[in-house]
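Chain nomenclature is as follows: A, B, C, D, E and F, assigned in order of appearance, with residue numbering initiated at 1 for each chain independently.
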Amino acid sequence: MIYSLLIEDVVRRALREDVGTGDVTTLATVPADIRARANIVAKGTGVVAGLPVLEEVFRQVSPDIKIKFIREDGAWVRPGDILCEIEGWARAILTGERVALNFIQLLSGVATRTASFVELVAGSGARIVDTRKTTPGLRLIEKYAVTVGGGRNHRMALDDAVMIKDNHIVAAGGIAAAVKRARNAVPHTMTITVECETLEQVDEALIAGADVLLLDNMDNETRAEGVRRAKGKALTEASGSITEETAAEIAATGVDILSVGALTHSSKALDISLDIIETYQDLS
Amino acid sequence: MIYSLLIEDVVRRALREDVGTGDVTTLATVPADIRARANIVAKGTGVVAGLPVLEEVFRQVSPDIKIKFIREDGAWVRPGDILCEIEGWARAILTGERVALNFIQLLSGVATRTASFVELVAGSGARIVDTRKTTPGLRLIEKYAVTVGGGRNHRMALDDAVMIKDNHIVAAGGIAAAVKRARNAVPHTMTITVECETLEQVDEALIAGADVLLLDNMDNETRAEGVRRAKGKALTEASGSITEETAAEIAATGVDILSVGALTHSSKALDISLDIIETYQDLS
Amino acid sequence: MIYSLLIEDVVRRALREDVGTGDVTTLATVPADIRARANIVAKGTGVVAGLPVLEEVFRQVSPDIKIKFIREDGAWVRPGDILCEIEGWARAILTGERVALNFIQLLSGVATRTASFVELVAGSGARIVDTRKTTPGLRLIEKYAVTVGGGRNHRMALDDAVMIKDNHIVAAGGIAAAVKRARNAVPHTMTITVECETLEQVDEALIAGADVLLLDNMDNETRAEGVRRAKGKALTEASGSITEETAAEIAATGVDILSVGALTHSSKALDISLDIIETYQDLS
Amino acid sequence: MIYSLLIEDVVRRALREDVGTGDVTTLATVPADIRARANIVAKGTGVVAGLPVLEEVFRQVSPDIKIKFIREDGAWVRPGDILCEIEGWARAILTGERVALNFIQLLSGVATRTASFVELVAGSGARIVDTRKTTPGLRLIEKYAVTVGGGRNHRMALDDAVMIKDNHIVAAGGIAAAVKRARNAVPHTMTITVECETLEQVDEALIAGADVLLLDNMDNETRAEGVRRAKGKALTEASGSITEETAAEIAATGVDILSVGALTHSSKALDISLDIIETYQDLS
Amino acid sequence: MIYSLLIEDVVRRALREDVGTGDVTTLATVPADIRARANIVAKGTGVVAGLPVLEEVFRQVSPDIKIKFIREDGAWVRPGDILCEIEGWARAILTGERVALNFIQLLSGVATRTASFVELVAGSGARIVDTRKTTPGLRLIEKYAVTVGGGRNHRMALDDAVMIKDNHIVAAGGIAAAVKRARNAVPHTMTITVECETLEQVDEALIAGADVLLLDNMDNETRAEGVRRAKGKALTEASGSITEETAAEIAATGVDILSVGALTHSSKALDISLDIIETYQDLS
Amino acid sequence: MIYSLLIEDVVRRALREDVGTGDVTTLATVPADIRARANIVAKGTGVVAGLPVLEEVFRQVSPDIKIKFIREDGAWVRPGDILCEIEGWARAILTGERVALNFIQLLSGVATRTASFVELVAGSGARIVDTRKTTPGLRLIEKYAVTVGGGRNHRMALDDAVMIKDNHIVAAGGIAAAVKRARNAVPHTMTITVECETLEQVDEALIAGADVLLLDNMDNETRAEGVRRAKGKALTEASGSITEETAAEIAATGVDILSVGALTHSSKALDISLDIIETYQDLS
């Protein structure tokens, strides 16, 4: 519902960027009375995400365009799978094509990468979450793509949860002081996460009443001990350059959460194309 | 100069997205009178791009921040290399950190990928150019990063050059008709590119007076023949899923231009971090 | 620091609204080379809040204006107290006057009302917090004024914490189901508040693992029992038409939090004026 | 008609402020296919104002919502009176509820306060008008609420009428000079108001050709004499901290206009709530 | 002072429109370290207007640019006259040139046309005023240019004065009814103008208490009679396709005001150019 | 299609500028339930341009308005010709009237002027194109009006083609160097125009590979020789204060293009009015 307000902005910006003062090629070569049918088709294998964004792109280019969804966000697709069918003015379809594909390829890439991590930790009870390492301007839709891929979201921004890192600890004069200052300043509805690099810090953070412990830069043995100490008192989160190679092992330490920057900062676009099926003159 | 106007917008949007109503952690834990010195340090190997964007991020967070550049955009860096030194209020540095890094990691990733392609075709005379497959909202700075990596830019948007693809050809009733319509509609300052999938189309496009031939979906032998026919009459461009594996061979066909979507839609972020070196109270 | 970005917007909007295409009276009657000194003076008794907003108003009208603060946000002032001294072009001071006063009168009204509630519950251990019943468009600065008055903030918006009310409970099929759905959907960094109207609901919410119980529509005896049951398991919050008459008694039930809509929806502006002390021609 | 353009902006801003990236509670607990019927119900006594703004709020949240108005702006309502009935998706109604109520409570508060002043001066021939002491960002709708309450509007902003106050008089070198300068500078369609604190100033302003005299800081006897002198030559306006206690007496002096800042800067919100009547699953 | 806020917007829009993603020619051919001195020079004869807008253009392109004004807005200039001297980075001066000239040529054209009308009615006591027939988006600065040319402004927009035309009269059921409705609806600070096409309407409008009579579509003899009847009771305004040929005669009827749409909708740009005097490398 | 996005902005800005907080006259005098039929009628002779913009104006004022087009953009009209018929709420039609007319009068003026130039060079083979000397903020629609009048467009902005002028040549160290720098910096899809003031420069530019030669400040004999030398190698463009008096002779030199600033900076508005045909009460 209200999400659409935010998608509207990001799509409008993308269209202005790509279309500028007009798609000169299409306006010059395609008569105004030609209609077209087209399919959005997967060319690679992965989890599709972003169909509502694609729909918004075409809606903004031409309210007249009709889209029939064959697959929905979250579906696994293989090369050749049709994601949706589009019908409308040929000019509008050609003009919106690139922006629509840029969005859905990016978001499907994020969802696919997320699904791969989720599978790697399946059975461990750990959840895969995103980070703030998102593409500037696209955080909301990238975080949406993470959920489509089976992941969960971390905080959205600097304003909705406390995360005390080493520099904050130093500036505040220790973990206890930092947590206390934060608890006294922020709404009672906010949680506090404390980054811990040693087991001593784990103990300090637990005594200080942290809600979540970020177990960073630890070997997995130490991390497992940290998890043990926190059990029942705080959630535990592992972070820091987690890769497909290391995810399963880290999950095996019993941490509740693996936050993975690579979901959003280094995903590969899923190849998806728009194929024109038919064009015809509208004689009406 | 005027570029800054556009960077300003994209940076402001990113800061609003990440900071929201305020960095609650930093405001609660770091006193207002603490200053800090920090370094931006490479953690991976690649071509750095985006230092002016990073500078704009910190300028918007706090006009007081001073940045001393040690390396410049275009420099190859290795793990441990310091890119720049930052000095200012600790709160401002911590609040701007993530957004600044998100930009520079993304852009350095694009520049690094570009440099790799440029190296692969070195000596062939072909240029590596980008496409419109850019991240929505970030086209201008991503295209800038391509030039930093030694690549060149293709058209910026749908409004600044004609590119006639298969669907336009069908709609216009052939290559000759499409080129003629376009030439009659667009400013005399615009060039016309025609996508050719066969040598017959190459001949048609040359007769029609195309400025650039996009030799798509051809084996390299056919492409080389297309290049030969176009020599002295039109530029030639190869396109379509060009990879590190295929670039050199394609360049060897003699095409003038290789346009590579992967430069911008599937680059891996270059790992870069912000390390606080020192904090101290400002007693003034 | 980054707060200024948000204040900038709200102030710009207010100035556009009040100044429109220009302050015709001042432009017509006050020569451009007249400078003035003025004081911002309290005409009523209360807690001053909003001096940084007032400063931003004058900064936007004329960067040249100098302001010397005599009192700071949070100070109790009485009629005649000077809050700050202003020096600059007479035209700018007169043009910015009304908007500056509108802000500071409103915000000081909020801070004063808050301080009054805080005093009423002093010693009880309960904190006074605001609600989402703020003036549309001014939430952030009104919530700031609440903290200036000694209050604390509740969640900022619908996106930063879960608050399950009766309609959500009904729709989800009970408290347990609602909490479970929410826990599975939102980031692990978010807390969940559940509105309880009976002690049965208190028990259900505690079993479901709610972080905060909103004890609404209860007599104080029942509320005290709810607090007793929640002790050590969840925070407790009283809400709903809390007035100066009822606040102390409610606080005596032991609740951790009293959320008071009246802080922001029904405060009386604190009377504050701008007095021109001197005008003189700038002969330079 | 065009008013809607302005209401749109102010409502959009309020929704962005309150909903942020999404109503996490409702999205998590209320299924997408649940519809609801709700009533907007008065909990206090007063003049309702702002129903079109409430309608715009729900329209922006979900174009699908239907509203049936039972009362209209300007109606006196008592606790229990239904103002309108709402039908639509449950999620949309719950998400828009707070913003809709914030607007209508504020505006009804203004209208109610205005009606009270209007009643106090009934029969005197004087009109109650607002001032520029409005809530920053909401001037237009607050001034609308004043008219709903039976009051009239003063100038909208600094750009649509001349109002010469003491500082302008000093800067221009007297009333005559100030009026002359203004008459020579502003469009012939603008009127000139002069603030007079003594009867000498009244005479000067009348000779200078002022259209309206603002009789400020005068006892009522002097004010009555000022009114007598101005009769047939200029309108007279009383201003300055007019309260419910003093309004009738001031009106009895014969002034044409009482401008009352309290209408907008210190009104108490009228208590109004949204009650869900029924929810049901949409099986279509 | 606050005017600058509005000029800022209109200039930013113009720069975005003309510079787009960058001045590719200048960036490619002019090294970054070249500075230049340039003059703004009149190539035609007329009244210069818009120097502050020109200054804002260059300020936005590069804050470093220095401008020394030789002439000021309102000065009559002849071919060869230097209006101002500019010094700064060569790139910035070349990039801002066209937008700066577009503004100053347009505004000087308006001022010059105005001055010509003012001269034609000199001695008659009538004032030349503008209309709402301004260039969309540029009303404020065009109305400013009218004052620079010695003209005066009419109302700024539909919201700051009442002007009752034939269609309003018909809809309201006559002049008396229309004036009464308006008087009862608008602030007491607004004046009412009534369009009169016959002497009967003049009498009606005077009885109804109109502040200004718009004597439209009358021969000058009738208009003079209308002026006579209105004398001392209302201002009189002539309107409707007033040209340089007819202005003096119309003024001779004794009307107070001639409103001339041609000032803004059909002025010829004054020819003004930017001449580079010198360029040099900045070795610092 | 996407053009509408840009027209939307420019129309919204114009409406805000003209309507402000509301059309006070119409709201006061015209009842809400009156409907009207009106015609848009030519009062002068020329080429009509801007009907889609007029349509957008009324659409924004009231989505309910119906417009039936009698003539289309590009039609020659004479006094009395009806361009379109409008039906809708009387208030909306009266409120939108001025803005709609301001647009269509301006754009029809541009189209008419263009048509006059096109006719003057008919048969010569030369095309009439516009320049960047457009009204700030209206470039896109003015350039559209040029095409409606039979002209063609030059580059849209500084970012879509290279145009090397004297200052660029000096800064780069000669034509050859300037062209080379530009060719190496800009996309291969961009053309390069070089301004030539002598035949030597023509030769240099041709050798350097310029795509277009701008033959400026030449007598027609020299220009004709320039054209001869460029034939088959580059397009030729004449520029610089081309008037109706000189256009035909310049075209006779054989240049391909005449770029005429006067099309957009000095056109006279075409007189067009809105006539109310009928008003009636809507009893539904």
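Rule of thumb we're sticking to: a residue touches a chain if its C-beta (ideal position, glycine included) is under 8 Å from a C-beta of that chain, and two chains touch if they have at least 3 such contacts.
Note that this is a predicted model, so its numbers are computed, not measured.
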Would the interface of chain A with chain D count as same or different, where same needs over half of all numbers used to appear in both copies?
different
Would you kindly say which chain has the C-alpha centre located farthest from the C-alpha centre of chain A?
E
Which rotation angle, from 0 to 180°, best lines up the CA atoms of chain D with chain E, given as a multiple of 5?
180
Round to the nearest whole Å and give the separation of the Cα centres of chain A and chain E.
52
In whole angstrom, the CA-centroid distance of chain A from chain F equals 44
Determine the centre-to-centre distance between chain A and chain C, using the mean Cα coordinates as centres, and give it in whole Å.
34
What are the residues of chain F that contact at least two other chains?
19-23, 95, 140, 156, 159-161, 163, 186, 190
Chain pairs in mutual contact under the definition given at the outset:
A-B, A-C, A-D, A-F, B-C, B-E, B-F, C-D, C-E, D-E, D-F, E-F
Along chain A, where are the residues that touch chain C in the complex?
127, 129, 152-156, 159-161, 163, 186-191, 193, 211-212, 235, 237, 256-257
Given the complex with chain B, which residues does chain E contribute to the contact?
12, 15-16, 19, 21-23, 60-62, 89, 91-92, 95
Which residues, counting only chain F, touch chain A once they are in their complex?
1-3, 5-6, 140, 156
Chain E partner, complex, touching residues on chain F are 10-11, 13-14, 17-31, 34, 36, 90, 94-95, 98-99, 101-103, 105-106, 109, 132-140, 156-165, 167-172, 178, 181-182, 184-186, 190, 241, 265-269, 271, 276, 279
